[in-house]
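Each of the next two complexes has chain A plus one more chain, namely chain B in the first and chain C in the second.
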Partner chain A sequence: MRELRLGRKIIGTLIKNSAYNPQRIILDFFALVARCGILLFLYKCVYNWKGSNINNTSYQVIAWSIFLYFIVSIMRPRDITDAIAQDVKTGSIEMILNKPIHYLSYRFYTTIGTGLYSFFILAPLGFLAMALTLGIPSTMTTHAFVLTCTIVGFLCIALSLIVHALLGVLAFWMEDITPVYWIVDKFVMVLGGSYLPVAFFPPVMYQMAIWSPFGAMQFITHTVYDSWAAKAWNMIGIQLFWTLLFGLTLLIVFRKAKERISVNGG
Partner chain B sequence: MTNSITVKNLTKRFEFSVKDPKAGWLKNLFAPTKNQVTAVDNISFSVACGERVAFIGPNGAGKSTTIKMLTGILFPTSGEMSVLGLDPSTDRKKLAYKIGTVFGQRSQLLPNLPLTDSLEFFGVMYDMSDALIKERIAELVEIFDLKEFVNQPVRKLSLGQRMRGELAASLMHRPEIVFLDEPTIGLDVVAKKALRDLLLRINKTQGTTIFLTSHDVGDIETLCERTIVVNHGQIIKDLPTNELTKTFVNEKYIDLMAKETFESFPNLPTGLRYAEQGKDKLTIAVDLKKLNVQAALKQLLDLFEVEDINVYNTELEAVIRHIYEKAKI
Partner chain C sequence: MWKELKFAWYAISMNLKNSAELRTSFLMSVVGMALNNIAFIAIWCVFAKVVGNIGGWTVMDVVAMQGITALNFGVVFSLLNGVEKISLYVGSGSFDRFILSPKNLLSRVLVSSLGISAIGDALFGVICLGVYITFVHLSAINFVFMFMGLITSTCLLFAVMLLVQTVSFYVLDPRTATRGLFELFFTPTLFHGGAFQGWMRFVFTFIIPSLLVGALPVEVVKSVSWPQMGLMAVLSLLWLILAVKLFYRGVKRYESANLVTFGS
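And then the complex of A and B:
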């Protein structure tokens, strides 16, 4: 109960903080328009050239799949890596470690709180813009989508936070975690279906997207396809498995990491 | 009087890898040479409830490491410690409810939001009810005179205002001990005095134990009744602050004010040396191991025509400098 109240307070405070600083939402808006908009435009050109169906998938479905990837990215769960690495490098971690809160919970809440404001504003706006320009695919009105979309979205963010927190914790051992972060980030980007929608993946790559944690971090992109209804609960199971496995790993690694804390004094 | 802090044979060693330029990259990556630094070396001390203690020493002496072990941030390599009856390394969360921390070089406040938001935030973190949070904020605003800036974003506050805010935030949950690591760093004289007055006030009115590290002599002189001096991770001295001068420096200073002007500066007898030479004023240092004040005065009056004399002890700052320099050798 206490943890929930604290989480609510941190998230609420950070949403207020974001409201005081509109620069972030402006930046997120332009990033969304630039990255997602350009991709949608490119795929539109490809569809105009190749026909209305590629690999049995319409442009409308592809566009929504890409859009869902970017809308989850607005929450910026990846930012937790840098936040933790900075806390470790600068020693600021000590400011949280002497408070009655678990450091990782605090970082989870702050990352969610920082991204939520942009998400609450841009997600409905983006949804509306997409619905008005492209319409809503029939797959998004099925029971399977309506029932599972929130669960999958929640697990995408939870798993991303956990995996990226784990990368951040590596800063206790590594001087520079950027190369590791970069590799993971690119795997998520490719296997998550951001630039190349999962519908176009060759079979091996598709299997990798399904079974690897990198793909599982972006299962939200699968929810708009026809095949989703049949696979939904299996994929949620895979997401749950990775979330629990990495969650446990994170706790163990963080426990070890705490013993390595060193601080600069005066 | 019961102890709020008890430390027995506390040691902290840091281990770090060192790149060996002669070894290959594989060895450096997987089996690097390890070096060890003993930051805190088998120290023992205790602090009574309500006491105001300065924990001082030169850079790298082990002050911050000790504070960070006492607050549960660092784990000791060996030894025992008890803070308010709890072991900081195993009861960190429980202990956090009972202690407050101010680290002068870091901020715990939310930079973009008004100070009230940070105070509310800490209230929730310390599990206080909404009514209690409101009441405590009003109390802290009154005590710390925060009214004029409590609604301003923290990033727009002056350093002095921010430090008052930091202290208020650390006292939100009425801690029994406050650990302060260089709390007045960067503050001007007015802000320093205000902060010290506030600390004295909470110590007097609420019996809060104060455990402070600082390089600022004023903090030690005005705030702390007891001083623990550390160097190379060991306690060199643990004594009442007002005895520091007597213990460490066997020197007194004599100011001589010229009747007209001092024209020549003759060689001084053994035990005396010029600390400052001016035409209107001379400052002479007296080595008390070689000469007492009376003999010194007698010899100086034979040498100089003076209108006024002032005899005084070494300033605490010089004492501390002396301790640090001696420790380096």
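And then the complex of A and C:
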């Protein structure tokens, strides 16, 4: 209970801090325009040439799928890897370990708190821009969509945080975790449906996206397709499975990692 | 000029030796980055397979585009990695040490850092271009155009990076501003080149010159068009001149932070 109260405090303080420092939101805005905006224009051009349907999917659905990927990315759960790695490299982890909160919870809260402000500003703005320019697909207007999308979105962030925290904890054993981080990041990018929407995936790649944790971190991109209603609870189950498995692994690995800490004082 | 080049080479080799000291980390960074880049090839190859031929671009063209972009990026961000750090130097006040140096200011800044992971990009670029050359059977003239395309596009990438970093002298939070601007420029260079048509092609050639980094060099190699090559060279040169001029103008606005720093 006390940890939760502290967590709320950390998130609240970081949101206030972000509100006074608008640089981050500027960067996120540029990133959203550069990646998502230009990509959507490109797909628009491709659809103009190739017709209104590619692989039985309309531009509207593709665009929303890509948009949801980038909106979840604004929360930046990936940043936790670098934060943990820096704590380990600089030795500042020993100070945080003394706080009345579990180290991993502390890092989860700070990562969420840092990304939440941009998310609260850019997600509604982006949603509005998308709705006004492209309209909302019929698949997104059902009650089931709102419920399942919320659950999937929450699990996407939770799973991403856990997997990326696990990568960060590897810094206890590895000198430089960046290459591992890049490879995982690119697996998520490819199987999550960022530049290439899941509707375009060949069958083998689609199965990989469904059953691998990399795809599960971005299941939110599946929610706008017609087939979602039939698959929703199955996919939520897969996400839950990966979240629990990686959560447990993280706790075990972190326990082992703590044994390696040597406090030098000073 | 010769002295400056000699100094630049000395600084680069010292940086390389310094980085190679941590051998495992060095090798992992290089190999990791090369593997990491495969993702873009995978994405656009599947895209080309599903959507078909767009703007006359085949899967091999995408491989060549990724290769050229990675090689350009690798060269600029490994050997001249200091250009990426200008915003950091200006923001932290550690730019003073470059101004006080008796060497040429720009060359001193450029070779102040070596990007290890970018060596992996360059390696990946060479592999991609090797694959492209093997499968497409280029003629001698195609080779010449590829070489010229690589030089002009590397110049352009460097020029834009320098220009973006020059913004550091004019804004309060240089790191964020330069990262955002560079993202806006560089992200389209990784997209399928054939998909840029009409007004988007115009915008991303003349206003935000992203297509000059990877897509246009590929098209020049294919078409063996001297006017197109000339246009690329002229644009790259103009961006380079503009970037260097604005950099020196920007330096005049720099106010010393009296931060004492040592080292490279």
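Throughout what follows, the second predicted complex is superposed on the first by the 262 of 266 C-alpha atoms of A that agree within 3 Å, B and C clash if a C-alpha of one lies under 4 Å from a C-alpha of the other, contacts with A are read in each partner's own complex, and residues count from 1 in each chain.
Quick note on the criterion: a contact is a pair of C-beta atoms (placed from the backbone, for glycine too) under 8 Å apart; a residue touches a chain by one contact, two chains touch by 3 or more.
Computed from a prediction, not measured in an experiment: that's the story for all the values here.
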Using the superposition on chain A, decide if chain B and chain C clash or fit. fit
Just checking: does A:Lys256 make contact with chain B only, chain C only, both, or neither of them? Give me first, second, both or neither. neither
Contact breadth on chain A, by residue count: chain C or chain B: C
Which partner chains sit in contact with A:Trp49 here, chain B, chain C, both or neither? Use first/second/both/neither. second
First, second, both or neither for A:Lys99, with chain B first and chain C second: first
Which of chain B and chain C A:Asn17 touches, first, second, both or neither: first
On the chain A superposition, what angle, as a multiple of 10 degrees, is formed at chain A by the C-alpha centres of chain B and chain C? 80
If we overlay the two complexes on their shared chain A, which of chain B and chain C does A:Arg2 touch? Say first, second, both or neither. first
Compute the least Cα distance separating chain B from chain C in the superposition and give it as a whole number of Å. 9
So chain A touches chain B in one structure and chain C in the other; where do those two contact lists coincide? none
Within their complex, chain A touches chain C through residues 23-24, 26-27, 29-31, 33-35, 38-39, 41-42, 45-46, 49-50, 54-55, 175-176, 178-180, 182-183, 185-187, 189-190, 195-196, 200-202, 205
Looking at the complex, which residues from chain B come into contact with chain A? 14, 16, 59-60, 62-65, 68, 71-75, 92-94, 96-97, 99, 101, 103, 105-108, 110, 112-113, 117, 120-121, 124-127, 153, 181-182, 185, 213-215
Of all residues in chain A, those that touch chain B in their complex: 2, 5-6, 9-10, 13, 16-17, 20-21, 91-92, 94-95, 97-101, 258-259, 261-266
For the complex, which residues does chain C have touching chain A? 22, 24-25, 28-29, 31-33, 35-36, 38-40, 42-44, 46-47, 49-52, 54, 117, 173, 176-177, 179-181, 183-184, 187-188, 191-192, 195-198, 200
